[in-house]
Amino acid sequence: MSTAGVRRGGTALTLIGLAGLIGLFWLSFFWVSTEVNQGVAQRIFYVHVPAAWTSFMAIGISALCSGVYLWLRDERLDRAALAAAEGGFVFATIVLVTGPLWGKIAWGTYWTWEPRLTLTLLLWFIFLGYFMVRGSTEDPEKGKRFAAVVALVGAIDIPFIHVSVLWFRSLHPQPVVAKAEGPTLPQDMLTTLLVGVLVFTVLFFGLFLMRYALEGLRAELQLRERRTSS
Amino acid sequence: MSTYLRQLAAIVRKDLVLEFRSKDRLVAMGAFAVLAAVLFNFSLDNASVRPRDVLAGLVWMTLVFGGLLGVGRTFHLEAEDDAFRGLMTSPAPKDAVYLAKVVVNFVLVYGLSVLALGVFSLFLAVDVGANLPGTLLVLALGALGFVALSTLFAAVSTGTTMGETLLPVLVFPLLLPMVVFGAGATGRLIAGRPFAEVAGNVRVLGAFAVAAVAAGAVLFRFVVEE
Amino acid sequence: MALEARDLVREYGSVVAVDGIDLKLAPGEALTVFGPNGAGKSTLLGMLGGAMHPTRGTVSIGGVAIDPSVTSWRHRVGILSHRGFLYARLTAAENLRFYADLFGLDDPEARVAQGLGRVGLTDRARTEARHLSHGMKQRLSLARALLHDPEIVLLDEPYTGLDPSAAAVLRNVLGELKDGARTVVVVTHNLREGLAMATRVAIQLRGRFVWEGAANDLDAVAFERHYHETIEVAA
Amino acid sequence: MRSFQLRALGPARALGAAVFAAVLTPSVLVAQASGLGQQSLRPYWHVFAAYTLVILLVAAWAFSIGRRLKDVENRLSD
């Protein structure tokens, strides 16, 4: 697909995603019932969990593209890995700012070593490392390779981190006031959550495509500048 | 295969000889372990904290910080006179170079962690004799996982303009599993609990080390290519 | 062809260091590439020796395209740079022994002794490289580059900072290489030494060969004038 | 011409949606607060902040992509 086509697709998906976000807000404010134990604060759940889902999907996409990039050295794969990492970074930031707001009500403290929150914090730092490595090499091609290695090792390490934060928590019980989610989530809450996941995924892919198109245009620009200079 | 082992052994031997002749990293890491023990002793309030309870955590933090201090300089050894270029244009496979560096760094970091265990036990008057073989095994697996990751990223950070300052940002988030399971197991072993209780931890530590070494061996060639 | 490059390009971001170089060298030929600093000579040599990956184009040895990430062909190439690739705290013999092991050479001890003898360093075998003079170090790294008897020899500014006696040893050893079986590429800005060993000559400017010719019918004085004119026009 | 139209859409819409949601959220809170008056108001403040931050972060990313796209396209059309 041409860069302009990707851009158009990205813009369209982003608009759908933004409309969906308004819809999600409507659902979670007017439609879904209030959770009995935690009350209104539990509504943060409908943006917090989808954002977490999106950021983990992002590191998956980024690592996958990075791996194939190292193999085939197709610039488009590196652009996709970069776009996904940037999206993952934004959505991980959402998780990290909404988590404490919820936690303050649910657990009485802004930060707890809740497994998902801890995992996301480390994921956020993995993304940070990704961008720092990318930006600190003299030869951009080298930066791309280094960043791909960071994304790959990060993705491989995440299951281990997950296991360890769960294990750590089982050793040190947290002051849990109420369980946020369980297998028996009422139907309307589940529906709202699934809508949230869908909306965030669409939004992610919309912006992902725009970011990808941006990187394609930058490459085009660089190629042109090189041609005029030689 | 025998050529592979010969190349690997040559790099290991060369690095160990250089290490013992210059003693740069040996002295720096050894001094780090002892001085960390001194500072930790004065940073703890003995009235409210029992050294026995925090010893494992302190040993693991010393392994991580002191280890990074040494491992970060892995490729500086090769930088003088451009020797790394010579190594890279030789027929030695890149994974052999990586594995050799892992072996050498493991010797250093494991030595550091065992030294830290001894010095801390002496300074903080904690008996670590119970389950000592188990403790040493846990430290060995932890040191291996640590070295596998940090050697790979030492190569990355050496290739950037930021150098070693970048290393903690890249490596610390990835080390959480090692610290959680390693420090947890060490703490219980020092407390005199049976080894069977930490067998699960040891398995995860082992899996982590194997995954880290495998990932490093595969990915190293992409880091050092020019 | 012993050594062949086809449309070789190397970019560093927006900088083009080597911009489409073709060359073909038969066994016995020695090419000297002249050029000012920043012409991309070292990058060219790095790609010919497989130290750097080309952005585009291929390098072939003996008609087979080489893959820099594979090591099976590396024993056929020897590289000498003005940086010695030596470890300061290893002795002369240990430095050579290390390379003998990396290259998987049979009977390494004999090879090391032979290599040291070739550059007149036998009595310095047990001296650490940091205690050797600059010229001795350069001789030692020449022995290192030729230890595995490569058929292709790449030299990057070999005469930089050499004292006269070391330069004489270098000239002798390089003379021995003119046995008709080897291919030599030298990059340098030292006109006199570069011409002495060449069978073919090229001038590289901004990543391209702007002039190429045979060395035997070259008038050294006229060539020198031509070279300086070329790089002044460029500057 | 077409690309100019597209350029106007992305970031502008995103920002519009952000403003819209920022206005919408407090009104919703007020509407619901009347029904659950016996509970502390603090949770509302937190929910409001969380939802606003979601909008702001997404909009900031969209806006930054849009600005960078515009910048590159201007330089490409020169």
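General remarks:
Order of writing sets the labels: A, B, C and D. Residues in every chain begin at 1.
The working rule: a contact is a pair of C-beta atoms (placed from the backbone, for glycine too) under 8 Å apart; a residue touches a chain by one contact, two chains touch by 3 or more.
Nothing here was measured: the structure is a model prediction, and the numbers come from that model.
For the criterion of most C-beta pairs in contact, the winning chain pair is A-D. Chain B and chain C have Cα centroids lying 39 Å from one another. Taking the mean of the C-alpha atoms as each chain's centre, chain A and chain B sit 31 Å apart. Here the CA centre of chain A is 17 Å from the CA centre of chain D. Centre-to-centre, using mean CA coordinates, chain B is 46 Å away from chain D. In chain A, the positions touching at least two other chains are 138.
Shared interface positions of chain B, i.e. residues touching 2 or more other chains, are given as 225.
Counting partners per residue, chain D has no residue that reaches two or more other chains. Pairs of chains meeting the touch criterion are A-B, A-C, A-D, B-C. Looking at the complex, you find that chain A touches chain B at residues 70, 122-123, 125-126, 128-129, 132-133, 136-138, 142-143, 145-146, 148-150, 152-154, 156-157, 160-161, 163-165, 167-168, 171.
Note for the complex: chain C touches chain A at residues 11-14, 16, 19, 55. Of all the residues in chain B, the ones that touch chain A in their complex are 149, 152, 156, 159-162, 166, 169-170, 172-174, 176-177, 180-181, 184, 204, 207-208, 211, 215, 219, 222-223, 225. Residues 4, 7-8, 11, 14-15, 18, 21-22, 25, 29-30, 34, 39-41, 43-44, 47-48, 51, 86-87, 90, 93-94, 97-98, 101-102, 104-105, 203, 207, 210-211, 213-214, 217-218, 220-221, 224 of chain A are the ones touching chain D in the complex.
Within the complex formed with chain B, the residues of chain C that make contact are 46, 49-53, 68-69, 71-72, 74-75, 77, 79, 81, 83-90, 94, 98-99, 101-104, 144.
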